[in-house]
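Quick heads-up: structures coming right below.
In what follows, chain A forms one complex with chain B and a second complex with chain C.
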Partner chain A sequence: MIATRLYQEHLRSVWMRIALGLIVILPIAIGLSLVYKSWPLLQPNELFTNLLSTEWSPVQGKFGLWPFICSSIIVSFIGLLFMVPVCLSAAIFITQFAPAWLSRSLRSIIDILAGIPSVIFGLWGVITIVPMVASLAVAYGATNTTGYSILAAGLVVSFSVSPYILNMLMELFESVSTDLKESALALGASYWQVIKDVLLKKLRPGIIAAFTLGVSKTFGETIAVLMVVGNMVKVPEGLFSAGYPLPALLANNYGEMMTIPRYDAALMLSALILFMIVLVFNLLARTLVNHYYTKL
Partner chain B sequence: MRNSFLILACVVTALTTACERTANDQQQSSSDEIQGSISVSGAFALYPLMNVWAEEFRKEHPKVKINISGGGAGKGMADVLAGATDLGMFSREIKPEERDKGVWWVSVAKDAVVPTISDKNPILSQLKKEGITRGELINYFLKEGNETWKNSSNKVSVFTRSDAAGAADTWAKYLGADSQEAIKGVAVYGDPGLAEAVKKDPLAIGYNNVIYAYDLTSGKKYPGLEVLPIDINGNGKIDVEEDFYHDIHSITAAIADGRYPSPPARELYLISKEKPTDPLMVTFLQWILDSGQNFVQENGYILLSDEVLTTQKNSL
Partner chain C sequence: MKLNKYTEEKLARLVLAFFTFLVVVVLASILVGIFMKGLPALTWDIISQVPKGGYYFGKEGGILNAIIGSIYLAFGASLIAIVLSVPVALFMHTYLFSFPAWQRRIRLSLDVLWGIPPIVYGAFGFNLMLMFGWSSSLLAAIITVAFLICPVMIRTMDESLQQVSHSLFESAISLGFFKGEIGYKFLLRQSLPGVATAFLLALGKGIGDTASVLFTAGYTDYIPESLSEPAATLPLAIFFQLSSPIPEVKARAYAAAVVLTIIILIISLSSRLITRKLSKNII
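And now, the complex of A and B:
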């Protein structure tokens, strides 16, 4: 009897280790296979010309990735610009001001938002955001007045990513003990001063980490962005000009890469770049969170 | 604990044997009736017709399941090569590199890509009278500049496909470019997406497969969308013999007898990784080339000529 139990115990722990191993190996395996596949374009001189060139013509073997990298960064930045004030204010309201019943229903709305597939955000973007941006573009006399632009992409991405950030922020705000708030209030601070000078100051690294994770999510947002960004291979010149982020490049051309020489290497290289960006952002967020917890 | 394991094992064994038995029985009882499933993905151009074919084929063979998804010709090719689907819908010439990979194909119908504009275009009536020449189309689609609509200050908004697409490739070929990347303009995903974008922008120009420009039930162009007539002889007006855009019947007739140029008219293919040997697949493909052809015209496509059709049947 004891032998069986020991045996079962052993089995259980071995299985858990295997499961854990799988999870740990996965990102390494993905990274390595991307490196392997993009190897033909990873030679130093090739890499720099490809990374910094703006010429994209797979049939002629020209794989300039610069427009894609720029578009990705700009779209994420625009997304962040919209997310920060909206998410921060919403999280503060829900955790500090809203009565319990309202806070509960607001939370379920956020959960619903988080569950909506990104293609629906994209579709809605095409129907609503793109025409809105188009009329704005006409008003500002932009060269591209179709509305398919990095601005539209930034807006759509900020909507599709904000539920995740909101969840992280709400958790953060709730982690602060009431003692702290009460002692600040006892010193004569107004409620808003408590939020501004105590909560926000104390939680700053955590808030930054939440947004950093959010940004890395916006980098990967594919379908929603691809549907509204215009997919034009050029470095965006303004808010209303079309762009072509890395994930859209991958999703659009995955069909062609099989047939044109070195095209697969170029697409894998763009995937590798995306992977590295997300990795860096995650490490950054991790460091900030660690920093914050050691201080606590 | 050990007992429960034993019971579980027994139950699993019993279940699997039972399942096997019923499967065997079924196969024996209905050996004359084909069953199984076929997965298809690829070109939007062939997608509506493929749905009709699948439905009609299933009326004769109800035990067959056919799963169809769009995604563009490029996805069809990638899926077939990766073994993700049995058949790919394909709407452009098969490249030498793809031939080298051993792709097998069969022509199943014809259709064409037509230039589309919004019906709210400010100079619509002029455009319908004068048409557009290939040279002007080249200016709009291939040159990076701020082209304007004929004799007006209105800037042209050029739309193209973002996904690897047969329509885009065929359109590029017509304009004398070697691939879809040569087409400039805002790129939108999918054939329906492109039609939608063109409809909404009065100054837009794009291109669509015939089946996404005309409504099959009414035969008329989709509300909001206009097909821009091509001035083939370049004399600055649409002559009687160039005027065949009113409804789907007149345009398909013009494609069939060659009045509409090719490209942008083209053959549509079904592709597979290698020559199909599975009886179900062979039956399905034979059916498409035989009774399936009865549904081609009524669904807005163009029949292959008899000799092409015979060659296709012989290739099976």
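And now, the complex of A and C:
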């Protein structure tokens, strides 16, 4: 009896450890496989010319990634610009002001939004956002009037990422003890003053961390962006100009990457850049949060 | 001009409510937009048939291959993910029960994994595929998606296991149970709603993800009959059909989007129901 129990326990513990090992190795394996594949372009002199050059013609062996990196950064930045007011206001409203029934239904709405796949967001972008941006572009006299632009991509991506950020922010606002709010209210502050001067100040590191993660999410968003960004290899010149972010580059060209020498290395290099950026942003945000909570 | 604090509060409420309303408007506009465009094109043929000759030029056929492929892919990936995730989540709360620093480190690495873009998982899956000499197949896609959804699953289970009271673990230990037994016999039951939510969340993610399977699934007009055959998925069907210049084919992309949206809505609604049903075992 005890022997079989011991044996079963042994099996369970071994399987738990194997599973944990697999999960822990996964990020390392992803990183190593990308480094291995992009090795031909990782030599010091090659790397810098490739990262900073704007010349992209795989057939001639020119892999300038700068337009893609620029597009990615600009799209993420625009996404952040739209994301901050919407997410912050919605999180404050849902956790502080909304009555219980409204808060509950708003949470369900955010849950549903969180479940919507990014290809649907892309489709919504094509149907709704792109025509909107196009009419805006006409109004401002831009040259590109199709509407497929980095502005459209930023808008779409900010909404596809916001449920994720919203959930984090709402958790943050709920973690504040009522005592703190009550004492501020007792001193004569209005509810809005409490939120503005006490909550926002107290939660600042957490809020910054949430948006840092949001930026890294927008950086990696692939299909939704790819469908509305226009996909033209150039450094974007204005809001209405088309762009070509890194994930889109990867997704659009995987089919032909084995036929041209070193093309696969260039694409894997772009995957490696994405991976590194996400890694850095995540670690930054998490350390910020951890540091802050240990001080509390 | 300095605002009176009452006017300021009123103004603030208004602005906050407006931005919150914007989120609702976006969801409504997505659903209305997709259904308005998709429902007219959605016919029984599209759901019940595989593409026939000339389908991509607007002739007969449907996307049954993509629907079935998506379901195979999502269920396969979720099954693999659950076999990997349940032990990890339980390990964190049994063997690592008294090592909060290690729990924190594992959580950090899971959160980082969660943040890695699907397209990078796709590239990794493709590298794995080349390494093992496979071709684009259902199996390669299943493995890639399983890796993608594992972190989400483990973190969701972890959250629900954190709610389980510590005294349960301590009393079980004092009664002479092994740690693994406590995990599988008590903790798992306590966090059953969490496990169910995690499974459905992962299923939804698996069905909806495009970027990670772009490299690995291949695309075919047939329903896959074995793991080594390529498979079509709904998001890929939407994506490819939308890039067609022919209006009929474009309309079918919207129809496919309606199907995908309905599947996702069913999953997210049933996850709510199941959570409520399963909560009865919780102490």
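In this text, the second predicted complex is superposed on the first by the 296 of 296 C-alpha atoms of A that agree within 3 Å, B and C clash if a C-alpha of one lies under 4 Å from a C-alpha of the other, contacts with A are read in each partner's own complex, and residues count from 1 in each chain.
One rule holds for everything that comes next: contacts are C-beta pairs under 8 Å (C-beta built on N, C-alpha and C of every residue); 3 or more make two chains touch, one makes a residue touch a chain.
As the structure is a prediction and not an experimental result, all values here were calculated from the model.
Enquirer: Clash or fit: how do chain B and chain C relate after the overlay on chain A?
Expert: These partners clash in the superposed model.
Enquirer: After lining up the shared chain so the two structures overlap, which partner does A:47 touch, if you call chain B first and chain C second: first, second, both or neither?
Expert: Once the two structures are laid over each other on A, A:47 reaches no partner at all.
Enquirer: Identify the partner contact of A:148: answer first if only chain B is touched, second if only chain C is, both if each is, neither if none is.
Expert: first
Enquirer: Just chain B (first), just chain C (second), both, or neither: which does A:176 touch?
Expert: In the superposition, A:176 contacts neither chain B nor chain C.
Enquirer: For the overlaid complexes, name the partner, chain B or chain C, with more touching residues on chain A.
Expert: Result: the larger residue contact count on chain A belongs to C.
Enquirer: Have a look at where A:132 lands relative to chain B and chain C in the superposition and call it first, second, both or neither.
Expert: The answer is neither, since A:132 touches no partner chain.
Enquirer: Contacts for A:185 in the overlay, against chain B (first) and chain C (second): which applies, first, second, both or neither?
Expert: Neither partner.
Enquirer: If you stack the two complexes on chain A, which partner ends up touching A:250: first (chain B), second (chain C), both, or neither?
Expert: In the superposition, A:250 touches chain C alone.
Enquirer: Tell me the contact category for A:57 with respect to chain B and chain C: first, second, both or neither.
Expert: Only chain B is touched by A:57; chain C is not.
Enquirer: Looking at the overlay, what does A:9 touch: chain B (first), chain C (second), both, or neither?
Expert: A:9: touches chain C, not chain B.
Enquirer: State whether A:284 touches chain B only (first), chain C only (second), both chains, or neither.
Expert: Neither partner.
Enquirer: In the superposed model, only one of 5-13, 77-85 or 131-139 in chain C has C-alpha atoms clashing with chain B. Which one?
Expert: For chain C, the listed stretch overlapping chain B after superposition is 131-139.
Enquirer: Both chain B and chain C contact which residues of chain A?
Expert: In chain A, positions 8, 126, 227, 251, 254 sit in both the chain B and chain C interfaces.
Enquirer: For the complex, give me every residue of chain B touching chain A.
Expert: Against chain A, the touching part of chain B is residues 1-2, 71-78, 81, 95, 97-98, 101, 146, 155, 157, 159, 162-164, 178-179, 181, 184-189, 193, 196-197, 200-201, 203-204.
Enquirer: Could you pull out which chain C residues touch chain A in their complex?
Expert: Touching chain A from chain C are residues 5-6, 8-9, 12-13, 15-20, 22-24, 26-27, 29-30, 33-34, 37, 83-85, 87-88, 90-91, 95, 104, 106, 108-113, 115-124, 126-128, 131, 147, 150-151, 154, 178-181, 183-184, 201, 204, 207-211, 214-215, 235, 238-239, 242, 253-254, 257, 260-261, 264-265, 267-268, 272.
Enquirer: Within their complex, state which residues of chain A touch chain C.
Expert: 5-6, 8-9, 12-13, 15-17, 19-20, 22-24, 26-27, 29-30, 33-34, 36-37, 85-86, 89-90, 92-94, 97-98, 106, 108-113, 115-124, 126-128, 159, 162, 166, 190-193, 195-196, 213, 216-217, 219-223, 227, 247, 250-251, 254, 267-268, 271, 274-275, 278-279, 281-283, 286, 290
Enquirer: Across the complex, what residues on chain A touch chain B?
Expert: Residue list for chain A touching chain B: 4, 8, 56-59, 126, 131, 134, 143-146, 148, 226-227, 230-233, 242, 248, 251-261.
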